[in-house]
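Provided herewith is a single structure, encoded as C-alpha coordinates, for subsequent inquiry.
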Amino acid sequence: MLIELTDLPIDVAAVLQAMQADGAGAVNTFIGTVRNQSTGRRVMRLHYEAYDAMALHQLRRVAEQAQERWPMLQKVAVVHRKGTLAIGDIAVVVAVATPHRAESFAACQFIIDTLKQVVPIWKKEEYEDGTVWVAAHP
Amino acid sequence: MLIELTDLPIDVAAVLQAMQADGAGAVNTFIGTVRNQSTGRRVMRLHYEAYDAMALHQLRRVAEQAQERWPMLQKVAVVHRKGTLAIGDIAVVVAVATPHRAESFAACQFIIDTLKQVVPIWKKEEYEDGTVWVAAHP
Amino acid sequence: MNLTIALFGIAREIVGQSQLQLALPTGTSVQQLLRQLQEQYPGLTQLSSLAVARNNEYAQGEELLQERDEIALIPPVSGG
Amino acid sequence: MNLTIALFGIAREIVGQSQLQLALPTGTSVQQLLRQLQEQYPGLTQLSSLAVARNNEYAQGEELLQERDEIALIPPVSGG
(Lines give C-alpha, C1' and ligand atoms only; values in the text may rest on other atoms or scores of the structure.)
Protein backbone atom coordinates (compact mmCIF):
# COMPACT_ATOMS: atom_id res chain seq x y z
CA MET A 1 0.00 0.00 0.00
CA LEU A 2 1.48 3.33 -1.07
CA ILE A 3 0.03 6.29 0.85
CA GLU A 4 1.70 9.65 0.48
CA LEU A 5 1.21 13.34 1.02
CA THR A 6 3.86 15.34 -0.76
CA ASP A 7 5.08 18.85 -1.45
CA LEU A 8 6.79 17.66 -4.62
CA PRO A 9 5.30 16.89 -8.04
CA ILE A 10 3.67 13.45 -8.00
CA ASP A 11 5.63 10.80 -9.88
CA VAL A 12 2.89 8.93 -11.77
CA ALA A 13 5.35 6.42 -13.21
CA ALA A 14 6.40 5.42 -9.69
CA VAL A 15 2.75 4.96 -8.70
CA LEU A 16 2.16 2.74 -11.73
CA GLN A 17 5.30 0.75 -10.90
CA ALA A 18 3.83 0.07 -7.48
CA MET A 19 0.81 -1.55 -9.17
CA GLN A 20 2.77 -4.44 -10.62
CA ALA A 21 1.56 -7.86 -9.46
CA ASP A 22 1.65 -11.04 -11.51
CA GLY A 23 -1.92 -11.90 -10.58
CA ALA A 24 -3.28 -8.46 -11.40
CA GLY A 25 -4.80 -8.11 -14.83
CA ALA A 26 -6.39 -4.71 -14.32
CA VAL A 27 -4.98 -1.42 -13.14
CA ASN A 28 -7.26 1.59 -12.85
CA THR A 29 -5.76 4.99 -12.21
CA PHE A 30 -7.43 8.27 -11.44
CA ILE A 31 -5.43 11.46 -11.85
CA GLY A 32 -6.89 14.70 -10.62
CA THR A 33 -5.36 17.82 -12.15
CA VAL A 34 -5.82 21.53 -11.68
CA ARG A 35 -8.42 22.95 -14.06
CA ASN A 36 -8.24 26.42 -15.52
CA GLN A 37 -11.74 27.24 -14.36
CA SER A 38 -14.16 26.52 -11.57
CA THR A 39 -17.86 27.40 -11.47
CA GLY A 40 -17.25 29.73 -14.39
CA ARG A 41 -14.32 31.64 -12.90
CA ARG A 42 -10.85 31.57 -14.33
CA VAL A 43 -8.47 29.87 -11.93
CA MET A 44 -4.86 31.09 -11.78
CA ARG A 45 -3.51 28.51 -9.32
CA LEU A 46 -4.51 26.38 -6.36
CA HIS A 47 -3.23 26.15 -2.81
CA TYR A 48 -3.61 22.85 -0.97
CA GLU A 49 -3.29 22.64 2.77
CA ALA A 50 -3.48 19.42 4.80
CA TYR A 51 -3.72 18.32 8.40
CA ASP A 52 -0.84 15.97 7.68
CA ALA A 53 -1.10 13.39 10.46
CA MET A 54 -4.86 13.00 10.18
CA ALA A 55 -4.81 13.16 6.38
CA LEU A 56 -2.34 10.28 6.19
CA HIS A 57 -4.34 8.32 8.74
CA GLN A 58 -7.58 8.89 6.85
CA LEU A 59 -6.01 8.15 3.47
CA ARG A 60 -4.77 4.84 4.85
CA ARG A 61 -8.18 4.12 6.30
CA VAL A 62 -9.91 4.79 2.96
CA ALA A 63 -7.49 2.40 1.25
CA GLU A 64 -8.16 -0.22 3.92
CA GLN A 65 -11.91 0.19 3.50
CA ALA A 66 -11.46 -0.46 -0.21
CA GLN A 67 -9.46 -3.60 0.58
CA GLU A 68 -12.22 -4.85 2.89
CA ARG A 69 -14.89 -4.14 0.32
CA TRP A 70 -12.89 -5.61 -2.58
CA PRO A 71 -10.77 -8.37 -1.01
CA MET A 72 -9.33 -9.17 -4.45
CA LEU A 73 -7.68 -5.76 -4.48
CA GLN A 74 -3.97 -6.52 -4.82
CA LYS A 75 -2.29 -3.13 -4.83
CA VAL A 76 -3.46 0.32 -3.93
CA ALA A 77 -1.80 3.71 -4.01
CA VAL A 78 -3.08 7.14 -3.01
CA VAL A 79 -0.78 10.10 -3.36
CA HIS A 80 -1.94 13.66 -2.70
CA ARG A 81 -0.05 16.85 -3.38
CA LYS A 82 0.20 19.85 -1.04
CA GLY A 83 1.26 23.44 -1.56
CA THR A 84 0.81 25.70 -4.56
CA LEU A 85 -0.17 24.10 -7.88
CA ALA A 86 -0.38 25.56 -11.35
CA ILE A 87 -2.96 24.77 -14.04
CA GLY A 88 -2.40 21.22 -15.29
CA ASP A 89 -0.46 20.12 -12.22
CA ILE A 90 -1.43 16.81 -10.69
CA ALA A 91 -3.17 17.17 -7.32
CA VAL A 92 -3.99 13.53 -6.62
CA VAL A 93 -3.32 10.07 -8.02
CA VAL A 94 -5.27 6.97 -7.01
CA ALA A 95 -4.34 3.60 -8.47
CA VAL A 96 -5.56 0.08 -7.79
CA ALA A 97 -4.64 -3.31 -9.22
CA THR A 98 -7.15 -6.16 -9.24
CA PRO A 99 -7.44 -9.47 -11.10
CA HIS A 100 -10.45 -8.29 -13.14
CA ARG A 101 -11.40 -4.93 -14.49
CA ALA A 102 -14.82 -4.17 -13.00
CA GLU A 103 -13.41 -4.16 -9.46
CA SER A 104 -10.54 -1.91 -10.49
CA PHE A 105 -12.96 0.79 -11.64
CA ALA A 106 -15.25 0.40 -8.62
CA ALA A 107 -12.44 0.40 -6.03
CA CYS A 108 -10.62 3.35 -7.59
CA GLN A 109 -13.81 5.40 -7.77
CA PHE A 110 -14.73 4.48 -4.20
CA ILE A 111 -11.33 5.71 -3.00
CA ILE A 112 -11.38 9.08 -4.75
CA ASP A 113 -15.04 9.67 -3.83
CA THR A 114 -14.41 8.84 -0.17
CA LEU A 115 -11.15 10.79 -0.09
CA LYS A 116 -13.03 13.90 -1.16
CA GLN A 117 -15.52 13.43 1.66
CA VAL A 118 -13.32 12.60 4.62
CA VAL A 119 -9.64 13.41 4.15
CA PRO A 120 -8.67 16.71 5.83
CA ILE A 121 -7.18 18.50 2.87
CA TRP A 122 -8.31 21.95 1.81
CA LYS A 123 -8.12 23.67 -1.52
CA LYS A 124 -8.04 27.41 -2.02
CA GLU A 125 -8.67 28.62 -5.55
CA GLU A 126 -6.92 31.76 -6.66
CA TYR A 127 -8.62 33.94 -9.28
CA GLU A 128 -7.48 37.17 -10.83
CA ASP A 129 -9.46 39.10 -8.23
CA GLY A 130 -9.31 37.02 -5.09
CA THR A 131 -9.33 33.60 -3.49
CA VAL A 132 -11.97 31.15 -2.25
CA TRP A 133 -11.72 28.10 -0.01
CA VAL A 134 -13.59 25.51 -2.05
CA ALA A 135 -16.84 24.19 -0.54
CA ALA A 136 -16.37 26.20 2.65
CA HIS A 137 -19.67 28.03 2.46
CA PRO A 138 -23.12 26.80 1.44
CA MET B 1 -7.77 11.14 -30.21
CA LEU B 2 -4.91 8.63 -29.97
CA ILE B 3 -5.79 5.24 -31.45
CA GLU B 4 -3.05 2.70 -31.90
CA LEU B 5 -2.38 -0.97 -32.47
CA THR B 6 1.24 -1.79 -31.86
CA ASP B 7 3.80 -4.60 -31.87
CA LEU B 8 5.97 -2.65 -29.43
CA PRO B 9 5.58 -2.23 -25.67
CA ILE B 10 2.96 0.40 -24.91
CA ASP B 11 4.38 3.69 -23.65
CA VAL B 12 2.00 4.59 -20.83
CA ALA B 13 3.77 7.89 -20.16
CA ALA B 14 3.09 8.97 -23.76
CA VAL B 15 -0.57 8.04 -23.38
CA LEU B 16 -0.81 10.12 -20.20
CA GLN B 17 0.95 13.01 -21.94
CA ALA B 18 -1.78 12.91 -24.56
CA MET B 19 -4.40 13.48 -21.84
CA GLN B 20 -3.19 16.96 -20.98
CA ALA B 21 -5.82 19.65 -21.42
CA ASP B 22 -6.14 22.79 -19.29
CA GLY B 23 -9.86 22.30 -18.87
CA ALA B 24 -9.58 18.64 -17.88
CA GLY B 25 -9.56 18.03 -14.15
CA ALA B 26 -9.94 14.26 -14.30
CA VAL B 27 -7.97 11.59 -16.12
CA ASN B 28 -9.01 7.97 -15.79
CA THR B 29 -6.73 5.28 -17.13
CA PHE B 30 -7.32 1.57 -17.47
CA ILE B 31 -4.31 -0.67 -18.01
CA GLY B 32 -4.88 -4.31 -18.85
CA THR B 33 -1.90 -6.56 -18.15
CA VAL B 34 -1.18 -10.25 -18.70
CA ARG B 35 -2.13 -12.30 -15.64
CA ASN B 36 -0.22 -15.40 -14.56
CA GLN B 37 -3.37 -17.46 -14.46
CA SER B 38 -6.69 -17.83 -16.21
CA THR B 39 -9.64 -19.94 -15.08
CA GLY B 40 -7.31 -21.72 -12.70
CA ARG B 41 -4.60 -22.58 -15.23
CA ARG B 42 -1.10 -21.21 -15.11
CA VAL B 43 -0.45 -18.94 -18.08
CA MET B 44 3.07 -18.82 -19.55
CA ARG B 45 2.46 -16.11 -22.12
CA LEU B 46 -0.18 -14.65 -24.42
CA HIS B 47 -0.41 -14.23 -28.17
CA TYR B 48 -2.54 -11.39 -29.53
CA GLU B 49 -3.66 -11.31 -33.13
CA ALA B 50 -5.65 -8.52 -34.75
CA TYR B 51 -7.50 -7.82 -37.96
CA ASP B 52 -5.57 -4.56 -38.16
CA ALA B 53 -7.66 -2.43 -40.50
CA MET B 54 -10.96 -3.37 -38.90
CA ALA B 55 -9.56 -3.25 -35.37
CA LEU B 56 -8.34 0.32 -35.86
CA HIS B 57 -11.67 1.28 -37.44
CA GLN B 58 -13.62 -0.25 -34.56
CA LEU B 59 -11.33 1.21 -31.90
CA ARG B 60 -11.89 4.65 -33.40
CA ARG B 61 -15.62 4.03 -33.50
CA VAL B 62 -15.72 3.02 -29.84
CA ALA B 63 -13.84 6.20 -28.92
CA GLU B 64 -16.29 8.24 -31.03
CA GLN B 65 -19.27 6.58 -29.35
CA ALA B 66 -17.79 7.59 -25.99
CA GLN B 67 -17.43 11.17 -27.22
CA GLU B 68 -21.06 11.21 -28.35
CA ARG B 69 -22.24 9.79 -25.05
CA TRP B 70 -20.01 12.06 -22.93
CA PRO B 71 -19.69 15.27 -24.98
CA MET B 72 -17.51 16.76 -22.21
CA LEU B 73 -14.87 14.15 -22.98
CA GLN B 74 -11.79 16.19 -23.90
CA LYS B 75 -9.14 13.60 -24.69
CA VAL B 76 -9.26 9.90 -25.38
CA ALA B 77 -6.61 7.31 -26.10
CA VAL B 78 -6.88 3.60 -26.82
CA VAL B 79 -3.70 1.66 -27.48
CA HIS B 80 -3.70 -2.12 -27.92
CA ARG B 81 -0.71 -4.39 -28.14
CA LYS B 82 -0.26 -7.26 -30.62
CA GLY B 83 2.11 -10.22 -30.74
CA THR B 84 3.55 -12.29 -27.93
CA LEU B 85 3.30 -10.92 -24.39
CA ALA B 86 4.86 -12.13 -21.15
CA ILE B 87 3.27 -12.09 -17.69
CA GLY B 88 2.96 -8.52 -16.48
CA ASP B 89 3.18 -7.01 -19.96
CA ILE B 90 0.64 -4.35 -20.84
CA ALA B 91 -1.94 -5.50 -23.38
CA VAL B 92 -4.15 -2.45 -23.53
CA VAL B 93 -4.30 1.10 -22.24
CA VAL B 94 -7.43 3.25 -22.30
CA ALA B 95 -7.30 6.82 -21.04
CA VAL B 96 -9.82 9.64 -21.01
CA ALA B 97 -9.72 13.21 -19.78
CA THR B 98 -12.87 15.01 -18.69
CA PRO B 99 -13.64 18.13 -16.63
CA HIS B 100 -15.13 16.11 -13.75
CA ARG B 101 -14.31 12.71 -12.37
CA ALA B 102 -17.54 10.71 -12.62
CA GLU B 103 -17.53 10.98 -16.41
CA SER B 104 -13.89 9.94 -16.62
CA PHE B 105 -14.66 6.65 -14.87
CA ALA B 106 -17.83 6.01 -16.86
CA ALA B 107 -16.32 6.80 -20.26
CA CYS B 108 -13.14 4.80 -19.65
CA GLN B 109 -15.13 1.76 -18.49
CA PHE B 110 -17.50 2.07 -21.45
CA ILE B 111 -14.55 2.06 -23.84
CA ILE B 112 -12.79 -1.00 -22.41
CA ASP B 113 -16.08 -2.91 -22.02
CA THR B 114 -17.11 -2.14 -25.61
CA LEU B 115 -13.62 -2.82 -26.96
CA LYS B 116 -13.81 -6.31 -25.50
CA GLN B 117 -17.11 -6.94 -27.24
CA VAL B 118 -16.52 -5.57 -30.71
CA VAL B 119 -12.89 -5.02 -31.63
CA PRO B 120 -11.46 -7.86 -33.75
CA ILE B 121 -8.51 -8.82 -31.60
CA TRP B 122 -7.92 -12.37 -30.45
CA LYS B 123 -5.97 -13.70 -27.51
CA LYS B 124 -4.42 -17.15 -27.31
CA GLU B 125 -3.31 -18.26 -23.87
CA GLU B 126 -0.30 -20.51 -23.66
CA TYR B 127 -0.08 -22.95 -20.76
CA GLU B 128 2.60 -25.49 -19.93
CA ASP B 129 0.63 -28.13 -21.79
CA GLY B 130 -1.10 -26.36 -24.66
CA THR B 131 -2.86 -23.26 -25.90
CA VAL B 132 -6.43 -22.01 -25.98
CA TRP B 133 -8.08 -19.20 -27.95
CA VAL B 134 -9.89 -17.31 -25.22
CA ALA B 135 -13.72 -17.31 -25.40
CA ALA B 136 -13.72 -19.22 -28.70
CA HIS B 137 -15.89 -22.08 -27.48
CA PRO B 138 -18.96 -22.04 -25.23
CA MET C 1 -18.12 -13.46 -58.28
CA ASN C 2 -14.76 -14.10 -56.64
CA LEU C 3 -14.38 -13.36 -52.96
CA THR C 4 -11.37 -13.46 -50.69
CA ILE C 5 -12.21 -14.25 -47.07
CA ALA C 6 -9.65 -13.25 -44.47
CA LEU C 7 -9.39 -15.60 -41.50
CA PHE C 8 -8.17 -14.85 -37.98
CA GLY C 9 -7.53 -16.59 -34.71
CA ILE C 10 -9.26 -19.89 -34.21
CA ALA C 11 -11.11 -19.58 -37.55
CA ARG C 12 -7.73 -19.45 -39.29
CA GLU C 13 -6.63 -22.53 -37.38
CA ILE C 14 -9.84 -24.46 -38.15
CA VAL C 15 -9.64 -23.69 -41.85
CA GLY C 16 -5.89 -24.19 -41.87
CA GLN C 17 -5.05 -21.07 -43.86
CA SER C 18 -5.21 -17.33 -43.42
CA GLN C 19 -7.44 -16.67 -46.39
CA LEU C 20 -9.90 -18.42 -48.64
CA GLN C 21 -10.66 -17.71 -52.28
CA LEU C 22 -14.28 -18.51 -53.12
CA ALA C 23 -16.27 -18.34 -56.34
CA LEU C 24 -19.88 -17.58 -55.35
CA PRO C 25 -23.04 -16.73 -57.27
CA THR C 26 -23.77 -13.01 -57.50
CA GLY C 27 -26.25 -12.07 -54.78
CA THR C 28 -24.90 -14.44 -52.18
CA SER C 29 -25.85 -13.18 -48.71
CA VAL C 30 -23.74 -13.06 -45.59
CA GLN C 31 -25.85 -15.84 -44.10
CA GLN C 32 -25.41 -18.05 -47.17
CA LEU C 33 -21.66 -17.53 -47.03
CA LEU C 34 -21.59 -18.49 -43.37
CA ARG C 35 -23.68 -21.61 -43.98
CA GLN C 36 -21.41 -22.73 -46.81
CA LEU C 37 -18.26 -22.24 -44.74
CA GLN C 38 -19.76 -24.03 -41.76
CA GLU C 39 -20.64 -27.01 -43.97
CA GLN C 40 -17.16 -27.08 -45.44
CA TYR C 41 -15.40 -26.59 -42.07
CA PRO C 42 -17.62 -28.09 -39.36
CA GLY C 43 -15.23 -26.89 -36.64
CA LEU C 44 -16.65 -23.41 -37.26
CA THR C 45 -20.04 -24.52 -35.92
CA GLN C 46 -18.48 -25.26 -32.52
CA LEU C 47 -17.55 -21.64 -31.90
CA SER C 48 -19.41 -19.45 -29.39
CA SER C 49 -20.15 -17.04 -32.21
CA LEU C 50 -19.09 -16.40 -35.77
CA ALA C 51 -19.61 -13.08 -37.50
CA VAL C 52 -18.79 -11.78 -40.95
CA ALA C 53 -17.06 -8.46 -41.42
CA ARG C 54 -17.62 -6.53 -44.62
CA ASN C 55 -15.42 -3.50 -45.25
CA ASN C 56 -14.43 -3.29 -41.58
CA GLU C 57 -18.02 -3.39 -40.32
CA TYR C 58 -20.01 -6.25 -38.84
CA ALA C 59 -22.43 -7.44 -41.53
CA GLN C 60 -26.06 -8.45 -41.08
CA GLY C 61 -27.12 -11.92 -42.29
CA GLU C 62 -29.32 -10.61 -45.08
CA GLU C 63 -26.72 -8.29 -46.60
CA LEU C 64 -25.64 -9.23 -50.11
CA LEU C 65 -21.95 -9.60 -50.80
CA GLN C 66 -20.21 -7.82 -53.64
CA GLU C 67 -17.03 -8.72 -55.45
CA ARG C 68 -15.05 -5.71 -54.20
CA ASP C 69 -16.02 -6.23 -50.55
CA GLU C 70 -13.32 -6.89 -48.03
CA ILE C 71 -14.66 -9.91 -46.21
CA ALA C 72 -13.42 -11.58 -43.04
CA LEU C 73 -14.64 -14.22 -40.64
CA ILE C 74 -14.74 -12.95 -37.04
CA PRO C 75 -14.65 -15.68 -34.39
CA PRO C 76 -15.35 -14.60 -30.76
CA VAL C 77 -13.16 -11.60 -30.04
CA SER C 78 -11.05 -11.54 -26.89
CA GLY C 79 -9.07 -8.33 -26.94
CA GLY C 80 -8.30 -6.23 -23.92
CA MET D 1 -7.76 21.26 31.49
CA ASN D 2 -5.66 22.92 28.81
CA LEU D 3 -6.37 22.11 25.20
CA THR D 4 -4.59 23.08 22.01
CA ILE D 5 -6.88 23.30 18.99
CA ALA D 6 -5.20 23.09 15.58
CA LEU D 7 -6.82 25.17 12.86
CA PHE D 8 -6.76 24.67 9.11
CA GLY D 9 -7.96 26.27 5.92
CA ILE D 10 -10.79 28.75 6.30
CA ALA D 11 -11.09 28.01 10.04
CA ARG D 12 -7.52 29.18 10.47
CA GLU D 13 -8.31 32.34 8.49
CA ILE D 14 -11.50 33.07 10.46
CA VAL D 15 -9.76 32.67 13.82
CA GLY D 16 -6.66 34.46 12.53
CA GLN D 17 -4.15 31.98 13.92
CA SER D 18 -3.16 28.39 13.31
CA GLN D 19 -3.82 27.15 16.82
CA LEU D 20 -5.77 28.11 19.91
CA GLN D 21 -4.89 27.44 23.54
CA LEU D 22 -8.04 27.00 25.66
CA ALA D 23 -8.55 26.33 29.35
CA LEU D 24 -11.77 24.31 29.64
CA PRO D 25 -13.55 22.54 32.48
CA THR D 26 -12.80 18.81 32.73
CA GLY D 27 -15.57 16.90 31.00
CA THR D 28 -16.14 19.41 28.22
CA SER D 29 -17.74 17.68 25.22
CA VAL D 30 -16.97 18.10 21.55
CA GLN D 31 -20.31 19.84 21.10
CA GLN D 32 -19.62 22.26 23.94
CA LEU D 33 -16.22 23.09 22.47
CA LEU D 34 -17.79 23.76 19.08
CA ARG D 35 -20.48 25.97 20.60
CA GLN D 36 -17.90 28.00 22.50
CA LEU D 37 -15.73 28.51 19.44
CA GLN D 38 -18.71 29.48 17.31
CA GLU D 39 -19.73 32.09 19.88
CA GLN D 40 -16.21 33.45 20.02
CA TYR D 41 -15.69 33.39 16.23
CA PRO D 42 -19.09 33.87 14.58
CA GLY D 43 -17.56 33.37 11.12
CA LEU D 44 -17.36 29.66 11.95
CA THR D 45 -21.16 29.43 11.97
CA GLN D 46 -21.25 30.43 8.30
CA LEU D 47 -19.40 27.31 7.13
CA SER D 48 -21.15 24.46 5.32
CA SER D 49 -19.95 22.14 8.07
CA LEU D 50 -17.54 22.17 10.97
CA ALA D 51 -16.24 19.00 12.57
CA VAL D 52 -13.86 18.31 15.41
CA ALA D 53 -11.04 15.82 15.01
CA ARG D 54 -9.73 14.05 18.10
CA ASN D 55 -6.55 12.04 17.71
CA ASN D 56 -6.90 11.92 13.92
CA GLU D 57 -10.51 10.69 13.99
CA TYR D 58 -13.74 12.57 13.48
CA ALA D 59 -15.28 13.02 16.94
CA GLN D 60 -18.96 12.69 17.87
CA GLY D 61 -20.65 15.62 19.59
CA GLU D 62 -21.16 13.83 22.89
CA GLU D 63 -17.54 12.65 23.25
CA LEU D 64 -15.71 14.17 26.21
CA LEU D 65 -12.37 15.82 25.56
CA GLN D 66 -9.25 14.96 27.53
CA GLU D 67 -6.17 17.03 28.14
CA ARG D 68 -3.85 14.82 26.09
CA ASP D 69 -6.14 14.73 23.05
CA GLU D 70 -4.91 16.11 19.79
CA ILE D 71 -7.79 18.35 18.76
CA ALA D 72 -8.38 20.11 15.45
CA LEU D 73 -11.21 21.99 13.81
CA ILE D 74 -12.12 20.55 10.43
CA PRO D 75 -13.92 22.94 8.08
CA PRO D 76 -15.45 21.46 4.87
CA VAL D 77 -12.73 19.35 3.23
CA SER D 78 -11.98 19.82 -0.46
CA GLY D 79 -9.13 17.50 -1.35
CA GLY D 80 -8.80 15.63 -4.62
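A, B, C and D label the chains in the order they appear, each numbered from 1.
Just so it is clear, a contact is a pair of C-beta atoms (placed from the backbone, for glycine too) under 8 Å apart; a residue touches a chain by one contact, two chains touch by 3 or more.
Computed from a prediction, not measured in an experiment: that's the story for all the values here.
> As a test of understanding: of all chains, whose mean C-alpha position lies farthest from that of chain A?
So the chain farthest away from chain A turns out to be C.
> Between chain B and chain C, what's the gap in Å when you average each chain's C-alpha atoms?
Measuring from centre to centre gives 25 Å for this pair.
> Averaged over CA atoms, how far is the centre of chain B from the centre of chain D? Could you give it in whole Å?
So the centroids are 48 Å from each other.
> What whole-Å value do you get for the distance between chain C and chain D if each is reduced to the mean of its CA atoms?
Result: the chain centres lie 71 Å from each other.
> Please set out, as single numbers or ranges, the residues of chain B touching at least two other chains.
32, 101, 112
> What residues in chain C touch two or more of the other chains?
80
> Give the pairs of chains that touch; include all such pairs.
Those chain pairs which touch are A-B, A-D, B-C.
> How about chain B: which of its residues touch chain A in the complex?
Interface residues on the chain B side: 12-13, 16, 19-20, 22-37, 87-88, 99, 101, 104-105, 108-109, 112.
> Would you mind writing out the residues of chain C in touch with chain B in their complex?
Touch list, chain C to chain B: 6, 8-10, 13, 46-48, 53, 56-58, 70, 72, 74-80.
> Can you check the complex and tell me which residues of chain A touch chain D?
32, 48-51, 53-55, 57-58, 80, 91-92, 112, 115-124, 133-138
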